[in-house]
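Report on the structure given below.
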Amino acid sequence: MSSEYGKNLRVSIFGQSHSKGIGVVIDGIPAGERFDMEEVLRFMQRRAPGGKAFSTARKEGDEPEILSGLLPEQADPPSGPRWYHSCGAPICAVIWNKDQRSRDYESLRDVPRPSHADYPAYVKYGSFHDIRGGGHFSGRLTAPLCFAGALCRQLLEKRGIYVGAHIASVHGVWDQPFDPVQLTKEALLEPGTKAFPVREDGAGAAMLAEIAAAKAAGDSVGGIIECAAIGLPCGLGEPMFDGVENRIAQIVFGIPAVKGLEFGEGFGCASLFGSENNDPYCLEAGQVRTRTNRAGGILGGLTTGMPLLFRAAVKPTPSIAKEQDSVSLSKGKEERLVIQGRHDPCILPRAVPCMEAALSIALWDMLAEDMGKSRGPE
Amino acid sequence: MSSEYGKNLRVSIFGQSHSKGIGVVIDGIPAGERFDMEEVLRFMQRRAPGGKAFSTARKEGDEPEILSGLLPEQADPPSGPRWYHSCGAPICAVIWNKDQRSRDYESLRDVPRPSHADYPAYVKYGSFHDIRGGGHFSGRLTAPLCFAGALCRQLLEKRGIYVGAHIASVHGVWDQPFDPVQLTKEALLEPGTKAFPVREDGAGAAMLAEIAAAKAAGDSVGGIIECAAIGLPCGLGEPMFDGVENRIAQIVFGIPAVKGLEFGEGFGCASLFGSENNDPYCLEAGQVRTRTNRAGGILGGLTTGMPLLFRAAVKPTPSIAKEQDSVSLSKGKEERLVIQGRHDPCILPRAVPCMEAALSIALWDMLAEDMGKSRGPE
Amino acid sequence: MSSEYGKNLRVSIFGQSHSKGIGVVIDGIPAGERFDMEEVLRFMQRRAPGGKAFSTARKEGDEPEILSGLLPEQADPPSGPRWYHSCGAPICAVIWNKDQRSRDYESLRDVPRPSHADYPAYVKYGSFHDIRGGGHFSGRLTAPLCFAGALCRQLLEKRGIYVGAHIASVHGVWDQPFDPVQLTKEALLEPGTKAFPVREDGAGAAMLAEIAAAKAAGDSVGGIIECAAIGLPCGLGEPMFDGVENRIAQIVFGIPAVKGLEFGEGFGCASLFGSENNDPYCLEAGQVRTRTNRAGGILGGLTTGMPLLFRAAVKPTPSIAKEQDSVSLSKGKEERLVIQGRHDPCILPRAVPCMEAALSIALWDMLAEDMGKSRGPE
Amino acid sequence: MSSEYGKNLRVSIFGQSHSKGIGVVIDGIPAGERFDMEEVLRFMQRRAPGGKAFSTARKEGDEPEILSGLLPEQADPPSGPRWYHSCGAPICAVIWNKDQRSRDYESLRDVPRPSHADYPAYVKYGSFHDIRGGGHFSGRLTAPLCFAGALCRQLLEKRGIYVGAHIASVHGVWDQPFDPVQLTKEALLEPGTKAFPVREDGAGAAMLAEIAAAKAAGDSVGGIIECAAIGLPCGLGEPMFDGVENRIAQIVFGIPAVKGLEFGEGFGCASLFGSENNDPYCLEAGQVRTRTNRAGGILGGLTTGMPLLFRAAVKPTPSIAKEQDSVSLSKGKEERLVIQGRHDPCILPRAVPCMEAALSIALWDMLAEDMGKSRGPE
């Protein structure tokens, strides 16, 4: 495993789905940054199972326990501290695992679930792999990612940088995309305030119908998430291999089930003429901008100052109720497999905050590197 | 800039389009590996301008000069050594830049070319940016990448791992995809032997017609490259953030003009049911395989042992002959821009070996890490 | 802060002296390694305060709680599992902080203790620095280092590599050094079995007298630790900057109070002739060895196969009872400072296992890298 | 091999003593920094063989050829450009190897030279190791290190930070140490202006006599170098493992023949009381300083703002004219060895600029990291 990300900010994620706890160490956040823990929990709540966003976050499970690096401010109500500040030391937060019904996962070791990590993990880690609940491959490990992302989000917001995302499509039903040129803070953040994070609620309803139909059929569906950031300075990124796309890609592909990533026009540009795909420069109130933004705010691995946009393809949940073909590794023969338990027929809604978290972490890390490199110490 | 890639293998690329030379330092290749320099040159020739592959590579320009790390074997013909072996020290190869007609690039500093790195590079590096020929952002920097890739390719081939690629589409014209399940070495490597690297020559001819039409119109076209590897062990990769997709993505987005990347079914899986997207396991001659390979040979960030497949979207060359809108940074007003000089109306053919190089480097680095991590020193 | 170490093995330490907990994430240990937790605790007990080694380790405080990455074996007595195995996922262990009497540390923020990190930490982190108990600078943070080291020690021992250390000197009183040529496992490990880890108990008694005298005088004393490893293969290390000395130095200087490090003859070689300092080769039972070992088992950054030896200088505990000169930062005037509380007049005994831990981690990381690099994947 | 150093500044050294060239890639220097190449050459001349410092550097050999990353300014005399500026792209400089009389190095492969890397390199790299002139282990590889250091030196000087060194001792003859409290720029830089870099010329004469005597006896001598920096901000460094001592140690042990490193009082503090070793704070012109500086300007891995001081032990040149004991690896029997050729009986004078280069690189890298981490992007 290599569950660390970042250069100047180091995010190290640990835990398995059914280990005592999961969590994250975040090393490199400057001292003296103030964090609103209510806001952190509200953000994390967006990826929580069954997550009704903006409900009474504090009372529910999956609340991270802060072990180090963040100190509560003193004059706080008895309900628990809301404001914390960083002290410069590495931050560690743990989420305790409860309800670890480690049911018959052993059988999965023998008959791997199609399109899960079971089989390659068995080959790599042998019978020592902690297969319960998917182990370290579980989507549950995105909870500490979201904690780290929630902190970075607040760091960015204080600098006027905002990150948002929405479900762009589910099983072929499309939401309205973000406006790549005139993307306002309101438009960017609005989907995150909804229980089902889309821009057009009509599209959302149609998506929910797709999901319900899949569920009824014992099946699952995939989709696409669109994620964006505004307020970025021009010139961020360190090409060739630590450019903006490289760094975002390295973290986004760490979110389970992501199978594709495109920036701006992305795969669409493959069928365009250069004259169609190029973004002409213009001046707006004395500022250099582009009339279109097919580049997704990135040229040569550097931010252009226009909104940064990417889309990530999320595959359908591999755990489905339908019977599937697999093999018994011990018996060396093909077998039919029925996966027990309830499974999310579509993880897109919960993946939305994960994308925002990943982008927030990547952006903060690049901003920290940029300070020393592009401009140099004063 | 941060033009280094890799963990156990470190590839550090240097140079600007019009600097004295460009090149690469490759640190971490084991001692005693034998390399066929004829084959290296043949591979590099595939990305050379006007590159008629497999012609008399040795006589042409862009031949790398090896400064260190590789020693020629002795009993070689006077025409120059063909076989080299690594001595364990870092390998450095330089390609000398000739014909550096540093024509009027200064004007581009003032009036940036749409969809080039000119403008963000100006903001980041100021007037100090070496804009001649695109500087460090030039596609020319993929030549040392191909040198490094050519070495890794040979390292992989000796271990039975083969890497190949072809143009999957140009401006909407599609070649036949690789067979994701039964991908033979012959099918994989065949496109690389052609002057225009496609699987179906009919498709290639149609693509060439698209390119010719674009050129005639003073325009350019984009496309998609499909790249694959066979012979990989199952279980390669270090999730969460050094999984196979993460590592490949980090290097592939270092190739100029890449705007999208998808593995296996990629964005296609977003409109599938789980029951359609899951790859059922089966046994073939006692070996565990999958009947389909929508995963592209990767589950949970680990190789499955099935062919590894990805597609990368390459945008149309931004340098077009058509007049475009830009701004004069010095005058602070909008201006029309006409880009002088001849420019490649489609870089897809030359990008094919770059993808193979990138994948070869990423795979070798992961193999080296895997040895120590998964199995541990003996 | 940047409290991570290693390349193929990543050790990330978190916590402050008075935070809820301190701990470590260890990423990169192969799956299927078996660990004796009794032995881990016994090792950690050696650095515990007031540490009577080999007493009833399990009942005492500072016992790490394993959150992830290690799974207990099943057939274990009810007193708690003794044997664990790694599952491949990152290992996280937490040590809970108790008795956090956060007495008047605030005054130290204003009047920094001489030769502590108080003042530079104040400048770097401002008033946000967690000064309680020294925060992240506390020697307490070596507890998770020892946990990580204890695991690596067991990994090494299974491969026939042994690590040991002893107090070489305290305040000018010297123990007998390790034999650099004929260093047996017994001689190497013996000091670690003693309550006061020296080779000659007479020397130990004299050191204890020095410590007692210093304590009585409200003062403290420093000393030197000698650390060694046997059983290493020849050729380990990756020069120029990841050679054996470089990597050991990077971790050893992470142990608080270390101010000097020398390998083999070290500073002594500065007053020798080459003919005195060179280690002549000889053959013993057909094996190449050296007659002397002034190199400390390292040439050119590579292990020679001879015992690896280094010495580290540990400064006297800066917290002393004697009144000292300092300044009030708020008042901008010089002030006399009296440090309250009990403080260890000599940290050498507790630093011995820390050195062993640091060396064990460094060696395992290098072994893991060596597999992929020197020999290459098969 | 792993010949790269640094985090935000990456320095990658390549070449063997008898390869076509040796050199360095420096990735991460901000664009727009101005460099005086005359001064770079003057600095490099200090480590050149037979180096009469400050002579007509430009006419001599070992002059680096700049391949990329640095652009000459235009209005320069025909004798060649003196002023360059960085463009943001990685800098590559090559030093061509001449006079590669690859005499009978093959015999050394069989009968390794005591206390050289020959034997462990043979075990690690087999017969593929480039043993000619020591290969990548040669002291010659410090030439590109000095080039990189010369650039960083100029970056530091523009920020008021100065780095200097002198020979502290040769074979037991001691120079006067730097004043650790009142170290002026003049005192710091003066030794570097001398042909034999000491503070007291009388001590230098005595050292030269030691060297001459050793040479006459077919022998060699070692010594100690003291290196310092002034003008550093307080609070630089990223503990625990990227603290100032850790980072300096990692690069200094990359200089061949270094066997020990101590900061401030170093090993001396091992025989002091805490009350003797502690540095009391005081106020000078309103600024917090320490009356003594036994810490060497570093507490808790952070700079204190006082002069930073370290000493490095350099072993006697292992190549001596005296006959020595070795073994024939092919014959499996002990043999007497006489090393041919002229060898430097003492490398201390040439190692002085290497220390300054190493410290300059480490400091610049830490300054770059500090910007983003401690203070955070604005």
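Note that the chains take the letters A, B, C and D in the order they are written out, and that residue 1 is the start of every chain.
Just so we're on the same page, a contact is a pair of C-beta atoms (placed from the backbone, for glycine too) under 8 Å apart; a residue touches a chain by one contact, two chains touch by 3 or more.
Since we're looking at a predicted model, the values are computed, not measured.
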item: A-C against C-D, pair bridged by the larger set of C-beta contacts; value: C-D
item: Most widely separated chain from chain D, with each centre as the mean of CA atoms; value: A
item: Inter-centroid spacing, chain D versus chain A (mean Cα positions, whole Å); value: 45
item: Chain A and chain C: spacing of chain centres that average the CA atoms, whole Å; value: 38
item: Between chain D and chain C, distance of the C-alpha-averaged centres to the nearest whole Å; value: 27
item: Chain B, residues touching no fewer than two other chains; value: 1-4, 13, 28, 31, 88, 121, 124-125, 136, 369, 373-374
item: Of all residues in chain C, those that touch chain B in their complex; value: 7-8, 28, 30-31, 33, 88, 155, 159, 367-378
item: Residues of chain D touching chain B in the complex; value: 1-4, 10, 12-16, 19-23, 25, 27-28, 31-32, 65-69, 71, 85-92, 94, 121, 124-130, 135-136
item: Contacting residues of chain D [partner chain C, same complex]; value: 1-5, 13, 112, 114-117, 119-121, 123-125, 136-137, 141, 169-172, 214, 217, 219-224, 233-236, 238-243, 245-247, 249-251, 253-254, 256, 258-283, 286, 288, 290-291, 294-296, 299-305, 313-320, 322, 324-327, 329, 332-334, 345, 369, 373-374
